[in-house]
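Below are two complexes that have chain A in common, paired first with chain B and then with chain C.
Up next, the complex of A and B:
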């Protein structure tokens, strides 16, 4: 019975492409993409409070892998390769930084996208001698929509399972107090590494799945740092510690940014930055937590009256 | 060729050391990891360029206008944005997280303003671009001047911190913000001043950068990254460490770009960073215990 609601919701969302035109479908793909990224981000950063600014590094790796390998092998195999590459990069980054204080992790991820972008550019300019690639895959927007929906559903299911499983509890203990965690016998680095890699693989796949939409791919397009920025702000708005928090943050913010970039293309990043600061100040734990607080206060008032 | 590359590298490293000193003040004393730091540097560069091209003001004079502006702007940012966060935070970890997020937002605001005003193109102006002979190799006069300025600011800051009462107070807060109030130090006040001082140094670094490098509105992230790497390599709060680490980074970058490939400089920077993180996370010259 408990499974019925999410399944009905999923079926309803899956039917959307049959009823809407090209533009709403594009919006749907955008929302699903960011909802997936934000949920994956919160999977690791929510409980541990390690702020990852590397979302677009993995996202771009996914998209680029598809651009490079699409002509060489069947599509499912391409996705698998993308996931593997994302996993390897995540494990390397995690091994180097997750043993140390959180600040090193933040700094390292802060420049990671720029590093990957420069390396890919270097490789393309010096080895393949072409900057930019074309992706011609027989994959329509509705297929991208369904794939993203599937990925989002799987990510949410994983997040739900993790919050109930032992590893989720371990992660929350680490986030609250790493000293206590180590005294309880929790393998701190191992737990963090596992979760960080999982979240990175989801981000890589989100990039890989959306690659056919662009047709033309270039490092400066797929490694755009604004993607990392949007992901963090969406997860923070909704509340990174709630299952549906990041999803709830992604929907309104994506629509808002879509509107902003159409109407205020020049002032886009100023408005974005101010909004970000406002969210950090006013909603430190997200909208859902604030709503709960408000509801609790309202109830207390009613009880006392 | 090798000597010339090392010389160029030392000059570049002087600038890195200069900008890293500002960041180490902000992070070591005010405990704010400022991700918008590089964008303040770029703002300083644009300021110097505007004064030079529009009003014909020599960048050396521009320092006296741009640096106080950087100081004032950082003072305001700390007072309006970061101090409330510091008051709200129950512990240092929470403040670190919140300040990273808030300054991440600030990064986009400053960058957005620069994009609106100056566009996304690379900018530069020609100032003192005359070759000077140094021990058999030639180097542009503006680079030498940039190096001299970096040394001047570095020595000045070092004297301020070690020879004056104000400097002692700053070091006391850096060493132990919990105990500093016990000897009558107003930590809030000192942190704000140190943060502003770091902002002034960033603006100075921006003016110096603009004299000999091309820059663009979106380059701030790279400067932040390099300053952070120098700070961590040198050990947080360690001025001489920042100087040594800055010079090392400058020389390595120049060697990589002149002998291997200019496209790999950032990769080289990252490799050094990784090596330091894995071998000596407390910094090359930092103390062992955390």
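Up next, the complex of A and C:
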């Protein structure tokens, strides 16, 4: 019975492309893309409180993998390769860096995105001597929509499972106090590494799935740091410690961005900056937490009245 | 889902979109007051510089010119309508470009869509233009893939040639100079490690080698490099008469200044994007004279002179001498095609663009296989104008000045 509601919601969302035009479908792809990224981001960064700006590094790796392999093998195999490459990179990076904490981790992850971008550029410039790559796949917007929807559903299911499983509890302890965690016998690095890799694989797939939408892939297109920042702000707005928090941040923010860019094309960046500041100041724990707090205060008043 | 059913589904969707577009056309035609032109251009982000020089001013100028002339005549509808613009900022993001076009096509219901600036964004927008059957007039995309792209997207038109056009023209020009004894056999090439630089150097390196030139320096530098002293110092000791940089605007300016400082004044000094910009003479001062670069204009053309004047009057600065005139000409072609068709039928307009001959500021223009093949490829600053030295079809407008005047030391 508990399974029924999400399944019905999923089926309803899957039917959307049959009823809407190109523009709403494009919006849907954008929303699903960011909802997936934000949920994946919160998978690791929510409980551990490690702010990662490496989202676009994995996103770009996914897109590039599709660009390189699309002509060589069937599409599902390309996605599998993308996931594997994302996993390997995440494990290597994780082993090297998850001992970093706080601001050092933030700076490292931001640097990682730039490093991957420069490595790809270096390789393309000096080895293949082509910077732009073409992705010609018979994949329309509705296929991208369905794939992203599937990825989001799987990610949410994983997030739900993790929050119930031992590993989720371990992560929360690490986030609260790493010293206590190690005294409890939790393998801190191992746990963090597992979650970091899982989150990175989802991000890689999100990039891979969206690659056919652009036809033309070059480092400046797929390693755009804005993607990392938007992901963080969406997850923070919704509340990174709740299952549906990132989702509830991604949907309204994406629609707001879209509305702003349609109606205030010349002031978009200024409004966006002000909005980011407002979110961090007014809703440091996300809207869901703020709503809970508000509800609690309301209850208290009723009780005391 | 198998490929077959996927394709069938796509076709069905395409047919549905077409049917609904056709069904909605007559109702609009009755009470319309303007021809709706939409575009999403990069007002912010990495592409804003290029869009602000080659694309946006020309869109503004064309709309202004057409509306000052009373609009475009639609004979089949019996009206002459002005242009009305819906514009968005794509923030230099491919995803944003795609969605903005979807918004223009289905929410704003514009009649024609003008593309964003740059090769990448035009390629990213290709499938979307194609899906909605809008003609795509890519005035600022340089790609050797154009012949294949035309096969894929029937309504796409490519106006700025490919890397091979520019590289081969430069090599041909240099071969003549070498054979005349004006320059020696040594060439140095520095390319920016990004789209334009790689495309051009990939075409130029083998062409130089095939022509028997000795490439004593052929390296790339990272995008965003600001210190060019190491490159210039290394190259200046190699005894080259020809220095070629497939560079981007900031690099083009910095390379010029660094070469003056180091007093490296080769007989041929060729730079990439930015050389044809109107501000280049301000950046280089008296040293702009004789500098070569990609692009060029016909300095004797009255149409071009008048275009420069109108552009300067409306935008406050002259256009660049490469993609600007080409972009403006692509819009003239669109306008004339609409008038000839006599209504706003996108397919008929696209067919007319593909097959008709048009009167533009570039002269008479007829597209070949959906591409503009009559292009200025190499230009040189002479007497305050960036004149064309080589044209893919016509004759040179001016003879090259070789060697270029020696640098005037920076004060």
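Assume the second predicted complex is superposed on the first by the 294 of 305 C-alpha atoms of A that agree within 3 Å, B and C clash if a C-alpha of one lies under 4 Å from a C-alpha of the other, contacts with A are read in each partner's own complex, and residues count from 1 in each chain.
What we mean here is this: a residue touches a chain if its C-beta (ideal position, glycine included) is under 8 Å from a C-beta of that chain, and two chains touch if they have at least 3 such contacts.
Not measured: the values here are computed from a predicted model.
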Check: Is A:121 contacted by the first partner chain B, the second partner chain C, both or neither?
Finding: both
Check: Where does A:130 make contact in the superposed view: on chain B (first), on chain C (second), on both, or on neither?
Finding: second
Next item on the list: Classify the contacts of A:266 with the two partner chains as first (chain B alone), second (chain C alone), both, or neither.
Entry: both
Margin query: Per the contact definition in the header, classify A:23: touching chain B only (first), chain C only (second), both, or neither.
Written below: second
Next item on the list: Kindly classify A:300 by the partners it touches after superposition: chain B alone (first), chain C alone (second), both, or neither?
Entry: neither
Note to self: Quick check on the superposed pair: does A:216 touch chain B, chain C, both, or neither? Answer first, second, both or neither.
What the structure shows: second
Next item on the list: Could you say whether A:110 touches chain B, chain C, both of them, or neither, answering first, second, both or neither?
Entry: first
Notebook entry, point to check: Between chain B (first) and chain C (second), which, if any, makes contact with A:182: first, second, both or neither?
Noted result: neither
Next item on the list: Mind sorting out which residues of chain A both chain B and chain C touch, each in its own complex?
Entry: 118, 121-122, 125-126, 266, 268-269
Next item on the list: Within their complex, state which residues of chain A touch chain B.
Entry: 49, 51, 53, 96-97, 100-104, 106-108, 110-111, 114-115, 118-119, 121-122, 125-126, 225, 229, 232, 236, 266-277, 280-281, 284
Margin query: Which stretch or stretches of chain C touch chain A in the complex?
Written below: 1, 3, 6-7, 9-10, 13, 17, 43-44, 46, 87-89, 91, 93-96, 98-100, 102-103, 105-107, 119-120, 123-124, 126-127, 131-132, 145, 152, 193-195, 198-199, 201-202, 220, 222-223
Notebook entry, point to check: Which bits of chain B are touching chain A when the two form their complex?
Noted result: 33, 35, 81, 84-85, 88, 93, 96-98, 100-102, 104-113, 115-116, 221-222, 224-225, 228-229, 232, 261, 263-264, 266-267, 270, 273-274, 277-278, 281, 290
Next item on the list: Provide the residue numbers of chain A that touch chain C in the complex, in ascending order.
Entry: 21-23, 25-27, 30, 118, 121-122, 124-126, 129-132, 134, 136, 138-140, 142-143, 210, 213-216, 218, 220-221, 224, 226, 258, 261-262, 265-266, 268-269
